[in-house]
Amino acid sequence: MKHLKLENETCYDGSQIEPYWAFKTFGIKDSSIVSWTGPMEIHPNNLIDFEDIGIEIKGDNMLHFIIEHFDSQPADLNLCYHRQRIFVLIVKDLLNDWGMVTSREGDDLFFDKGNIKGKLSVSIATCSVSSMKIHFALNLTENGTPADVETAALLEAGLSIEASHVEEIAEIACDKYIQEISDIKSDITKTKVF
Amino acid sequence: MKHLKLENETCYDGSQIEPYWAFKTFGIKDSSIVSWTGPMEIHPNNLIDFEDIGIEIKGDNMLHFIIEHFDSQPADLNLCYHRQRIFVLIVKDLLNDWGMVTSREGDDLFFDKGNIKGKLSVSIATCSVSSMKIHFALNLTENGTPADVETAALLEAGLSIEASHVEEIAEIACDKYIQEISDIKSDITKTKVF
Amino acid sequence: MKHLKLENETCYDGSQIEPYWAFKTFGIKDSSIVSWTGPMEIHPNNLIDFEDIGIEIKGDNMLHFIIEHFDSQPADLNLCYHRQRIFVLIVKDLLNDWGMVTSREGDDLFFDKGNIKGKLSVSIATCSVSSMKIHFALNLTENGTPADVETAALLEAGLSIEASHVEEIAEIACDKYIQEISDIKSDITKTKVF
Amino acid sequence: MKHLKLENETCYDGSQIEPYWAFKTFGIKDSSIVSWTGPMEIHPNNLIDFEDIGIEIKGDNMLHFIIEHFDSQPADLNLCYHRQRIFVLIVKDLLNDWGMVTSREGDDLFFDKGNIKGKLSVSIATCSVSSMKIHFALNLTENGTPADVETAALLEAGLSIEASHVEEIAEIACDKYIQEISDIKSDITKTKVF
Amino acid sequence: MKHLKLENETCYDGSQIEPYWAFKTFGIKDSSIVSWTGPMEIHPNNLIDFEDIGIEIKGDNMLHFIIEHFDSQPADLNLCYHRQRIFVLIVKDLLNDWGMVTSREGDDLFFDKGNIKGKLSVSIATCSVSSMKIHFALNLTENGTPADVETAALLEAGLSIEASHVEEIAEIACDKYIQEISDIKSDITKTKVF
Amino acid sequence: MKHLKLENETCYDGSQIEPYWAFKTFGIKDSSIVSWTGPMEIHPNNLIDFEDIGIEIKGDNMLHFIIEHFDSQPADLNLCYHRQRIFVLIVKDLLNDWGMVTSREGDDLFFDKGNIKGKLSVSIATCSVSSMKIHFALNLTENGTPADVETAALLEAGLSIEASHVEEIAEIACDKYIQEISDIKSDITKTKVF
C-alpha cells in the first residue's frame, strides 16, 4: 500500500471517489492513500451517500484523504466501512495527541469547546466489484462550509494547530493507517483458527 | 447483537474463545458480547496466538470481553481483526473520556504516566468456518500479571477510576461497539456503489 | 428486516428492481420487503431477464413484492436466487392453505383446474455489489396479461379467494419470509461445524 | 450433482453428516445426494445441533437423505441452510401431491390429522471449509421414536402412502432438488446485474 | 462448461468481453469458451486495461478465445486472473507441442527465433458482479498489428504450423482448459481440509 | 510473500502441509514458499488426498516446495488448486528450459523418453479457514519411490540436469511463482470492471 501526497491544491469534486482514480491519474498500481489540501465542491452526479442528495457538501480548504484497497476480492462494502471507521478513529486519536479533543458519531468528527462547536469532517465509503474506496476530509477553515451546518475547523478551533502542522498530521495519519492494515495482515499469519 | 453481563466472577481460561461458547453456556442465539470481571489463567491448549506459546498470560483481576459474530458467512478472520481494532479503539477513546490517556500498538493498550508504565490489556481474535471471536481484557490490578512484563492497571494508575466505575465502563464500551456494528450495517443501505 | 405495505396502487415499471429503491423512495435503512397491488408495465430498459427481451410482461392488477437484502456482503446472486425460490415456495404453500393448489417450475407458479389453466406469477432476482433484489408478482386478474401467454389469476380461479383476502395473503407471505430468514440466522448460531 | 440410492438398510448414526462421507464411502467425486431407509441412532459425539445435546434423536425406520455440496468455495453455512429449507419445502410439496398435508416450522415437518399428530421429520445442516452438508429424514414408522416427543410417520398416518411408494417418493425428491440447484445455476447466466 | 466454435470470421471489437455476450448472442446458458478467427479492432470505449488507453490494439487475423465463468458467486477478479494465467500456460504448452517455443511475461506470449521476434498474443480479464470474463488472442499473421509494437504470428514464425492446423490447436486448447477447470472441481471433492 | 530455502536435508512427513507450519517452525509472518531437498515418508495421519489412503507415497530424495497463502480471507480451496496448477505449469515450463520435456495430468508431471518413463512429481493442496497450502515435490532419484508406481527422476532422466543445478531450479521456480502472484495483484489494479 502506497501513500502519495499531492503538492498542488486540488478540488475534491467527487470524481476522486471513483474506482481506479489513483491508477488513472497517477499510475499507482497498488492499494493507495492519496492526501492533499484544497476546496471541496461535489458535483451532484458524484454523490455517494443517497442521504446527501440535495444537500450542499463543500468547504474552501480541507485536508483530503482518498483510500483505495484492492486486497480483498471481490471488494466488500462491509469491510470497507470497517476500514473507514478505523481511519476515522486513527485521526481522532491523532488530533487528541495535538490537543484537539473531538467526539465521534459514526464516520463524523465533531469539535465542541468554548464558543466553537461543529462538524469537523466529512466521509464516505463505497466500492465496485474489485476495489474499495474511502474519502475522508477535515475542515481546515470554516470558510465556504454549508450555511445550514454548524462546522468547526482544524486551524480555527482556538488551539495550537497551525497551517504548518497540517502536512505532518496528514503524514502521520497515512502512516498509521498503512501500518494498521499491514499489522492486521501480519496478525492473521500467527493466529490459530478453529 | 446482544450484550450479556456476567454477575459472578469468572476465570478466563481460554475456553471462552471457542466458537459457540455464548450459546452453549448461556443459550444466546445471536451475535453477542459478554463482559465480566475475574482472573485470567489461560490453559496452554487454549492459546490462539502462536507467538504466545510458552509465555505466561495471566492476571488476578481483569475486565473481560468476549465477542462473537455470526453475521458474515463464511466467517472472515480479516474482518474479525478489523472489528477487534475498532473495539480496542473504542475502549481507548472511552478511557480517554475517563481521564486515562493510553497509547496503542496493534491490539494492545499501554499506559505511561508518572512512575506507572506498562501494558494495560491483552487481546486476540480468531474464527471457525461460521463464527468470528474476539477476546479483550483490561488489567484492573497488577496483581498476578506476568513477572517479566511491565503492566499497568485501570484501578492502580493513580487516576480517578475506581472499582465502582468498572461496570459502567464495560457497559458503555459494549453499547458503543454494538452501536458501531449496527451503524455500519445501516450505512451500507444508503451507499451508492459502482 | 422490515415489511412495508404500500397503500396506493403503484405501477411496477421495472424501476423498483433497482438497488436502493426502498431507501431512495421510502427511506428504509434496512433489508426490506415492500408489497402493493397495481398494474405491471415494464419499461424495456428495466428488463433483468435477458430471455424476456422483446417479450411483453404485463398485467392490469397484480400483487407485487420487492425484496432487498443487504445482509450478505458482497451481494451474491446465487444466494439471492435461493431466497427467491424460498419466497416462491412460501407463497405456493400459502395459496395451498387458501385452497389454491398450484404447480411450480423454477420461479413460476401455474394453476390448472377445471377450464382455468395458466401462468399465475412472474419473478426475477438480481443484484449489485452490495444488495440482492427479488421481484415476485401474482396476477389478481387476467386483464391486461400478455395475449400470447396462457395466464391464471388469484381472483379469477373459481376459488373462494376474494379481493378482500389479498391484503391478508400478502401480509402472511411477508411475515413468513422475514421469519424464515431470521430462523436461518438463528439456526447458524447453534450449529457445530467441522 | 449425483443421486445415489443405497439398497441396503443403513443406520444413520450421525457419522454420515461428516464432510466427504460420500467420497470416502462410495467414491463419489461430485456434489451428491444419497438416500436410503433404515433406523437412526445418533452417537452423542456426532450431534451437530447444540440444542440436541442430551436429547434422544432416533427412530426404527426412516427415509434418510444426505446432501453434500462442493460448488461454493469456501463453503457457506448460510447458503447451506437456505438449501436445506428448499429441500424441506420440496418434500413438503411432494407429500402434498401424495395427499399428505403437513405444516412446517423451520426445518421440521409436522402432521396433524384426525387422531394422528406429531413431528414427521428431523434435519440438520453443517459445513466444513470446503463442503456443505444436509441431513433430512422422515419417519416411516413411529416405532423407536423418542418417548417424549409426539411423532407421526409416513406409513402410519392413515393415508394411502404405502411402503412400496417410499422409493418413488425418495427418487422424486432427489430429482426435484438436483433440478432446482441446476435451474438456479442456469438462471444466473441470463440475469442482468447492476 | 461449453465450447462453441464460430464458423464465420468475426471481428473482435471489444464488445465480446462484456458479461453475458455468449448468452445474448448464442443463447448459451452455462459457463463457456467461444473460439473463432478474425481481425481485432477494439473500440476505445471497450478497452478494459486502463494501461491500453490511447494505444492501438489490433490485427488483421487472429485466433480469439472468449471465456465466461458463472461458477463462482460473487465473481472474483483475482480468481479470473488465475484462470487467465492457466489458459495462457495451457496455450504456451500446446504451442510447444507444435514446435513453437515461446516465452511468457504475465499474460503475454512472445516468440524469438532467428530473425522473427515479437509479441504473439494479447489478453485481458475482467468481471461483473456475477461473471468472470477472459479474452485471449494469438496473431495468425502480422498484418495489421500495431506499427509501434514488434509482433510475431503463428503462421509466419517460420515453423510448420499452417492455417489448416489452427482449428485443431483451438480445439485442443479449449478442451484442455475445460478439462482443467473440471479436474480442479473434482480434486476438491477428495481433499481433506483443516 | 517470502521464499525460504532450507539448508538442511529435511524429511517431508506430511506435517509440513499443516497450516502455520512456516510461522511455527521459522517465524515467517507472511505468505511463503519454503523449498528444500530430502526424503518423503508421509505419516498416514497426514494424508490429505483421500484417494491416497492405503497407498505408499515416498521417495529417498526429492525437491520439496511448501507454499502457504494468507492473502485471501476466508481461505478458498478452489483458488488454492488454481495456484497449485500455476505452480506446476511454471515448473513444467522451467524443466522445458533445462531440456526436460514433461507431460502433465492435473497436478502430476510425467517424463517419457527413451527407456525412462514415469511419474516425476507428487502434489496436494488444502486449506484451513485462514490459510491455503500447497505441497509439490519432484523426484531427484528413483530410490525409495513406491515399488508399484513407475517413476522418473530429475537427476536420472539421462539429461544434463545435475545435482548442482537443483538449487538453481528451485530458486527460479520460487521466484517465478512469487512474481506471478504479484503480477496478478498488479493486473487487478488496472482493470476496468463491469
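The letters A, B, C, D, E and F name the chains in turn, as written, and every chain counts its residues from 1.
As a convention for this text, a residue touches a chain if its C-beta (ideal position, glycine included) is under 8 Å from a C-beta of that chain, and two chains touch if they have at least 3 such contacts.
Worth saying up front: this structure is predicted, and the values here are computed from it rather than measured.
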I need the common contact partners of chain E and chain F, sorted by label. A, D
Count the C-beta pairs in contact for C-D and for D-F, then report the pair with the higher count. C-D
Looking at C-alpha means, what's the farthest chain from chain A? D
Based on mean C-alpha positions, I'd like to know which chain lies farthest from chain C. F
Whole-Å separation of chain centres (CA-atom averages), chain B against chain C: 43
How big is the gap, in whole Å, between where the Cα atoms of chain A centre and where those of chain E centre? 40
What are the residue numbers in chain B that touch two or more other chains? 19-20, 23, 50, 72-74, 76-79, 127-130, 185, 188, 190-194
Pairwise touch list, complete, is A-B, A-C, A-E, A-F, B-C, B-D, B-F, C-D, C-E, D-E, D-F, E-F
So, in the complex, the side of chain A touching chain B is made of residues 18-19, 47-51, 72, 76-79, 81-83, 85-86, 89-90, 92-93, 96, 101, 104, 106-107, 124-128, 180, 183-185, 187-188, 190-194
Over in the complex, which chain D residues touch chain E? Could you list them? 19-20, 23, 28-31, 70-73, 128-131, 185-186, 188-194
Spell out the residues on chain F that touch chain B in their complex, using ranges where they run on. 20, 23-24, 73-74, 129-130
Which stretch or stretches of chain B touch chain F in the complex? 50, 74-79, 127-129
